[in-house]
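Quick heads-up: structures coming right below.
Shared between the two complexes below is chain A, which pairs with chain B and chain C, respectively.
So, the complex of A and B:
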């Protein structure tokens, strides 16, 4: 990438990889979500086995100025357990669909994690001191014989090995008939929304026994159902505005001030279909798998099967930018339909604010101002980045072969047709079982987390 | 199938055809379009009906596959209605557009000739129905059908085809074995049949004869079974297809439950163990009736026979 400041390419280097080495992937270890917290110090992953693993960035060593802090395991806990729906005789998966961090208000950290049916608020707190020297108790907790107590002493806090505890503070259950696909915390930091295939509910973080239904697209006759909700997100600044995307490639923006039930959208974003690209699979590949607002809230980004689109909230009839992620798959759609890959839900993310910039608000000096780069995953453990300013893109690979820290990742290229050049990979050689669905970008630094099936890769930009 | 190290086929061919809109009137492309549509239809059916997961299937996936099937069904219907006319009339409403949303709810199709899967599937020769999609992937899929029909693209589908592929004959077998009860009907039949073992045979006959009625009842019953309905909602759209009833309905096991202790007929009545002979005697009168209405029932008898043998160990 060439920044506006001139000559500041981001060169991505391998930093770390977490997870099992062997090729045999245990189903429970499949990573299902990745999310940095608001400061970037913590990185949370959820997996199919219902576990949450949080990594913490170690404080930067002044002597090791050539690399940013490494991420090490901070806390691991079982967030959700498998359940059984007796009415339908079906299992409820414990897979963590989404994790969202709350902004930090005190010493503890809070996050929301959700599976298909239940959302939980977890408190992660540190304990590094413990009271010692009780007057009435022995060190092991047994009460002393009162007759032996002859003096008075007050317990004091003494340091202990750091212990990180996770405890569920709220459980928001029984509000969703269908599978929850999104949760989004409101900018008021008091409420949040949860969306399933047909409904969106509004919750208060303190109240678990009721929620408000704000969108309901379930038809009276289920046979008429042709469209489902695929993702939803609150606007980053306006606490009454949210958007939700559909399986037909539309995004609806709703204002909760307009009515209690936001079934009528305020804006409808939809791009008319390109007739030259029409096929049997047009609808399926138009289904939006992720939607993310930019930090300012002026733009939003959507991911469908083959592309990433940037929308200006002021223009509903088409996106302002479209980036092709893997257009070479367009001629393979029938096979991808057969093996179900066409239903893969890729996520997308914006870059954060680059800390290296001297004046982050000054675009001219910023090497990569916030929300100028988008990142998304593909197959064969490839992931892609698009620079909105330079219009350049790059394909990188997350693999253990590029294992040496501070070696710059080599850009990859897929050969769509014609003669395959050296180092290029032909479409038929792509491994469609190696998919990168979840990626995350540090909010303040050029550090990215990329999840392959069961491994988490962390890449950093090369600091000079 | 796509995988590692597969040889690429038709490189030059693909370069030329990629992205081009090809009209289905071009001889080979028209056939390939139909072939492709057929393949996609088969794949979609397989996806909906073969998948029995332990967890609830993804509603989004089901809806998308359903929409695909509906679209193809609409297209075929429109092609079917246009077939007698050779006139190159104005292009019918694009099947891929909103018109398919106006497809009537499946259960209102009782009077009109239903589009059985056999119609759609059996018109193609046996081998081509299961063409691996990978063979088709280099061909142009990016075509929307235009109206031009030089003539019938395939023989008008009669109710039954002489040549049936394995899939449609499997469907027929299943339908014959289990004349479509709904789960609620099955439960009602169970309750009624508990006391006397002769009743299930009656209800079986009723079910076989009452197929059309049961289908309208189906829609109401489906509504009243929220759990089942949620799962089978989108799968029930194919008109005549009672597969969802078969696959998702409770199997009537009243005939196989011979344990007198578990019979629900109330403690007062005498619990006589039902022997295989007695059971066959009660069913015997029905076997002498004409073949046609009892065709499905005869299969039940054979099954029952077999099961009785296994249980009694004779």
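So, the complex of A and C:
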């Protein structure tokens, strides 16, 4: 990868970092989701405090051809507030679990944000003009005494400082008994699904007072529960197809045309467990924390605690590729169980569509699929990238130290055992409090957003 | 896989996690609790297999059947016991166990129960059968066996009693489940709680009235074999009043509850009793002790039962879920 030469290897450079500098992290500032919009111009983050912060990329400056536009704060709003369910004596956290952007249809931008129970559709719009010259109102809003009006004028729009407003347009509530873990917008751009531990619901974006339940894995007797839903996503092209992953490491593909309730899968993707790896924690580490379709929809990627797997939708009995993210942790599972790190839910993402790719479909370009790099996070503020073509991988670090703009990131290496070489880090000195759970890749360019606990790092490839 | 913790510690850590998940913001996380229940099940299976192996070994030394004392079973262990033990399939009954231990948290969102005990059905013996449910109710609820009575909504807990120790009949989880969707309360019964287990619990297990067979007087509760005596007596002393109840039907619920309420009021004594138990059984539960103290100051949702360490050799391990 980095510095390895070769035409297609990406050299990642530090670009920006957002967020507080000090080590004392306020819980509300912990970033819980990161998502680029469809054009890549906007980058949204959600945090534990229920806030959404949207960054906007500056227009590329002709004079600064060596770097792409920077991301600056565009809008900040409080999406969700803490709530209390009095009937069940349960507090509902305001933490934003997921943000998904809708494709842009007009001047405004729309996104869905969700906490554990409620999904909201937000409209983000710009206002750069305002009407002036009302007859009955002063400029400051006070009403004028009508008897003092002697002439009439037509109000006109005058430019004003840009104001970005966020307003909730729809609130989709009361449809989930359990905690929502995923939302996914359908390729028809009219419907979307929301998934909690046991159920998946289908919504229409315009309709808030009802949703259709399309998957229900709640057993009649809860004593028989053996798995929960951990993630769900619509197929990028086929509007009747979606997948959901489970805590048992399986992925089910369902077709909504088959029946109203998709409890019976069309395909079941499962890799048999390697018995030599059996441990107390086998069930935990096989639980899938994220599932993402490739752009073409031919492949999907899943993340479990130690690895990333690429599945071909045409082959159910095993993944086509498996990448070990931090295999050196396998012998530490006990401690990771004690300190709860083993429950961390890492996400994964595909690279964006490279400008150089002629066709977005993997099928046509089998020799060099455009979804060729996968990225996921790890501990010690490390994140990993795997190149499916070259089979090379790299470990990079998101850190404020040694990171000046346009500095190429140095690859890191973890020493699993034995003699530690210079510049390597031993497993025992990894900081498990510094974890990268959320990463995102710009849909069109080689720009990545990597979230540490409370900071957002933006890296770009080095443009020559 | 190398694990620095033994099965016992894993079990206690897991129970602690389930306990603390109840007080976390956002409510009980079903997914996490389900995963923890898997660890519980795995650890328990290993623990059981180790115990059975040990028992079998001892049995070789004491061919007259005495050691099945290791089974703190009500009446003297039936002669049939050893063969049963020997024949115990390990890991036994995984589906059943799985279901039951998964209950540790599958109810996560609805109900927290840790029916961590489940001896294989073949070890269930009539004399020891005791229809006492191994669960706790909120103080003030009606007698045992009833419905959810005065239980706090959705918060009934089953006592994990015996870890399916060879001789003991499998423990009951008569669990009461509040369905968060329909708000229907249903009671599910399966199995029995060994009354000796109750006797160890300082404050829980309300055995049902009308016991099938009289439990042994505490003194004859189990047979001791050399080397065991001190420990078990210690157990008797150490436990806060459970063993002291005269033989005959085990602790009337009221008595137990009353005792418990006393204890929670005077939590120093509670914690000292716990410390006693802990030191006797040789596990490190300091974290639980401190939590116990903290908890006893808070309003109780369900009955707090002191957490039990797992016994060292010779006495059966028990995990009593502390809430």
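Just so it is clear, the second predicted complex is superposed on the first by the 429 of 464 C-alpha atoms of A that agree within 3 Å, B and C clash if a C-alpha of one lies under 4 Å from a C-alpha of the other, contacts with A are read in each partner's own complex, and residues count from 1 in each chain.
The criterion applied here is as follows: a residue touches a chain if its C-beta (ideal position, glycine included) is under 8 Å from a C-beta of that chain, and two chains touch if they have at least 3 such contacts.
All of these numbers come straight from a predicted model, not from anything done at the bench.
**Q** Overlaying the two complexes on chain A, which is it for chain B and chain C: clash or fit?
**A** clash
**Q** Which partner does A:275 reach: the first (chain B), the second (chain C), both, or neither?
**A** Only chain B is touched by A:275; chain C is not.
**Q** Thinking of the overlay built on chain A, is A:287 touched by chain B (first), by chain C (second), by both, or by neither?
**A** In the superposition, A:287 touches chain B and chain C alike.
**Q** Using the touch definition from the top, say if A:177 reaches chain B (first), chain C (second), both or neither.
**A** both
**Q** Give one of first, second, both or neither to describe whether A:225 is in contact with chain B, with chain C, with both, or with none.
**A** It touches chain B and chain C both.
**Q** Which partner chains sit in contact with A:30 here, chain B, chain C, both or neither? Use first/second/both/neither.
**A** neither
**Q** Is A:425 touching the first partner chain B, the second partner chain C, both, or neither of them?
**A** Neither partner.
**Q** Tell me which partner touches more residues of chain A in the superposed arrangement, chain B or chain C.
**A** Touching more of chain A: B.
**Q** Just checking: does A:93 make contact with chain B only, chain C only, both, or neither of them? Give me first, second, both or neither.
**A** both
**Q** Touching A:335 in the superposition: chain B (first), chain C (second), both, neither?
**A** In the superposition, A:335 touches chain B and chain C alike.
**Q** Could you point to the stretch of chain B, among 7-15, 223-231, 259-267 or 277-285, that collides with chain C in the superposition?
**A** Comparing the options 7-15, 223-231, 259-267 or 277-285, the clashing one for chain B against chain C is 223-231.
**Q** Which chain A residues lie in the overlap of the chain B contact set and the chain C contact set?
**A** Dual-contact residues (chain A): 87-93, 116, 177-179, 197-198, 221-228, 230, 247, 277-284, 287, 330-331, 333-335, 337-338, 340, 343.
**Q** In their shared complex, at which residues does chain C touch chain A?
**A** 1-5, 10, 13, 17, 25-27, 29-32, 34-35, 38-39, 42-43, 46, 98-100, 102-103, 106-107, 109-111, 153-154, 175, 177, 179-181, 183, 188
**Q** Inside the complex, what are the residues of chain A that reach chain B?
**A** Those in contact with chain B are residues 85, 87-93, 116, 177-179, 197-198, 221-228, 230, 247, 275-284, 287, 330-340, 343, 417-418, 426-432.
**Q** Help me check something: in the complex, which residues belonging to chain B touch chain A?
**A** So the residues of chain B touching chain A come out as 1-8, 11, 14-15, 18-19, 21, 36-37, 39-40, 43, 47, 54-56, 58-61, 63-64, 66-68, 70-72, 96, 101, 105-106, 133-134, 136-138, 141-144, 227-231, 233-234, 236-237.
**Q** In the complex, go through chain A and note every residue touching chain C.
**A** Residue positions touching the partner: 87-93, 95, 116, 177-179, 181, 197-198, 218, 221-228, 230, 247, 277-284, 287, 330-331, 333-335, 337-338, 340, 343.
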